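Both complexes below contain chain A, partnered by chain B and then by chain C.
For the complex of A and B:
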């Protein structure tokens, strides 16, 4: 764990550098994991548009796995997917090695 | 140029705000503050200020908009009364904890219910723990002067806290008074430019504002706020002296009136202190009773040690509260008595004027007489008394 700042090292008003949320592993809040079948995926990228946590990884116009460090399991991607390529599964029902967005 | 003008309390503060020329003002109308922002909006419409005026849909939004503007580097103000202040509640704490040097005139009005539009201090008294500096005004002149000084106090690097400028609803807000105003340029030079190190709009150096702060950091941030409040009295006094050099009107944390040799002292806030000063003069002249008045101008931070020094020589002290903390008594009374812990001076609490009930000169004299009677009889009971109340 990083050493805590002393009181006088803390900027009044709790102002800190930008982009601090990127450092947090908010994926640990998740109850359901979005299991995505990339074979079914048509790369329409509706999931990428709707994801409130920018957790859908895309490059070259193609959808890749969901970034499970940030995905909180809200299920919006699954609800929006027009080809039902995303299934929300209970974390506890998915073996760790099979877990991928 | 400096001018003598006839202005109501609302107009005097609007005139001060015109001279301050804030970058952003967001406000919502509420009696008895409405005319203040009405007047200020006219200055905006007439191009007399460069202020971005945001007519928001509620006071919660007014305070929120002002916080955003302040974090973006703007000198930002709002104004309200009573229920409007109540609706700002959660953002009041956020304004102070984000260290936004916002200035907000509050035209004091009773809180509902029953619904009432007239003066008491229950609105700002409820906000006394929100982390704002509270300045109370005795008359329209002081409301004008306090508004200008509030900018400097709030933005002082040792302080960086929001300031409420309190003025009594209707008694001051709607009453015409002849007062001295300063030259526009003198005000501009006095308040200077507002500068921020970190701005919400600086994308080159992005910052997080309103960060989550848990068990490991929150406590230290609160102590920083407490430390800033402790540094504030010196700053309030310094700005009061500088303003005195500018205007000839000097300000301190307290205004002790004929207290040096006083046997009876009444302590209180706001416009009533003018009436009480007259009562003190009359009783000294007609009956030879040594009366003094201690007006608390700066209620937050509370200048406890100065209060103790000012009243410790008296035989008995009465603290006048225009608000009641149900189950406790008057809030000012309890703070003043606590500040005087260890002194032998007797203390009574007089609650008066709730919902705008008038406190006449006769009432003020009777209050001094009640103090005298308690001192002479050696029976300072009951401690908490009500003035002008029908039984």
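For the complex of A and C:
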């Protein structure tokens, strides 16, 4: 993955490599954490297409866990899930080991 | 073949990385993600420019970028002019046999960079007929500088420069109909879309990319901070805008209008206004008459759109 740049590493013409913000951790913004029950999930992928933070991992038509490095806890996924497989829980109420996204 | 099947798209690379700095629940990145997924298929590469605005400041925080496609930021007013130059250079290189990649050119702008500040460069690029797609993510005010009114702010909405109080009931003027202004240029493809209908939006993107010449997409982009609604309701609010016909989903192909979504029963505009804090003051007794005015305005626009569709259909038959 492209490395995050420091200010003094700016190249002439202000050209930077794409996708370097992927190194940032916007998960620290979160107040509520989405807890997903993948057993309930029907892989409709609506949570993925509506996620503003590219935080829901998918492949081959299947939904995997939420990437908590990026998830800001907006709760759109939980609001739009047609089978209520996602529950938003207060981050401080969830023990670190239980946070699977 | 370009697809809008979510199952097939799930194997596509994510072209807007996570880690960008848009607010939680912002519709802007949802719009960008859906459009990039739809556009970058069948060996088509996306090259884009972006006007100053929310998405520019939040996805290209100095000196980094969340975009995995080439993106140029130039100034507030010239997203369309910038991409015009890139597209003209591409045509020249192609003529000289120096490039053989298929490239889809995209210009992005918020409502500030499109309805107001970038309107002249957009108009010029449309008139010159460059082969590009302009996407306006319309969040109805200058949000990243702190919610100042723009030409896209609807009547009655609170902004910091159109405050609501005893003297002023929010913005006094109606929203500029930019889609009609763009359509008046006679370009081959113009559409309005919303992120709550991803397949409709993505189909429109694919039509825009396949269009020879300029195409324009105006996409509603709810803003939890500026519209004063909880972040998880972003998609719900976009849906409500279409159900109340405050925002209409339609496309104009070679001058012919097609309405893509007609609610079975139109919800009253009151439902839309109630859903957001920026309209809260309209429910005070002294402002109630404004709700009727807004409803009448929405009714008139909706009936006009349906009449346009019927007229174009009658002409085709």
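Just so it is clear, the second predicted complex is superposed on the first by the 86 of 101 C-alpha atoms of A that agree within 3 Å, B and C clash if a C-alpha of one lies under 4 Å from a C-alpha of the other, contacts with A are read in each partner's own complex, and residues count from 1 in each chain.
Assume a contact is a pair of C-beta atoms (placed from the backbone, for glycine too) under 8 Å apart; a residue touches a chain by one contact, two chains touch by 3 or more.
Worth saying up front: this structure is predicted, and the values here are computed from it rather than measured.
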Give one of first, second, both or neither to describe whether A:75 is in contact with chain B, with chain C, with both, or with none. second
For A:50 in the superposed arrangement: first (chain B), second (chain C), both or neither? second
Touch check for A:67: first (chain B), second (chain C), both, or neither? second
If we overlay the two complexes on their shared chain A, which of chain B and chain C does A:17 touch? Say first, second, both or neither. both
State whether A:25 touches chain B only (first), chain C only (second), both chains, or neither. second
Once the structures are superposed on A, label A:7 by its partner contacts, choosing first (chain B), second (chain C), both or neither. both
Touched partner set for A:90, first chain B, second chain C, both or neither: neither
Looking at A:58, would you say it contacts chain B, chain C, both, or neither? Reply first, second, both or neither. second
Partner touching more residues of chain A, whether chain B or chain C: C
Can you pull the chain A residues that chain B and chain C both touch? 4-5, 7, 10, 14, 16-20
Chain A residues touching chain C - in the complex, by the definition given at the top: 4-7, 9-10, 14, 16-26, 29, 43-46, 48-55, 58-62, 67, 69-70, 72-76, 78-80, 88
Sites on chain A touched by chain B in the complex: 4-5, 7, 10-20
In the complex, chain C touches chain A at residues 6-8, 10-11, 14, 16-30, 33-34, 59, 61-71, 195, 198, 224, 230-236
Chain B residues within the chain A interface of the complex: 97-100, 160, 198, 206-211, 213, 216-217, 220-221, 223-224, 228
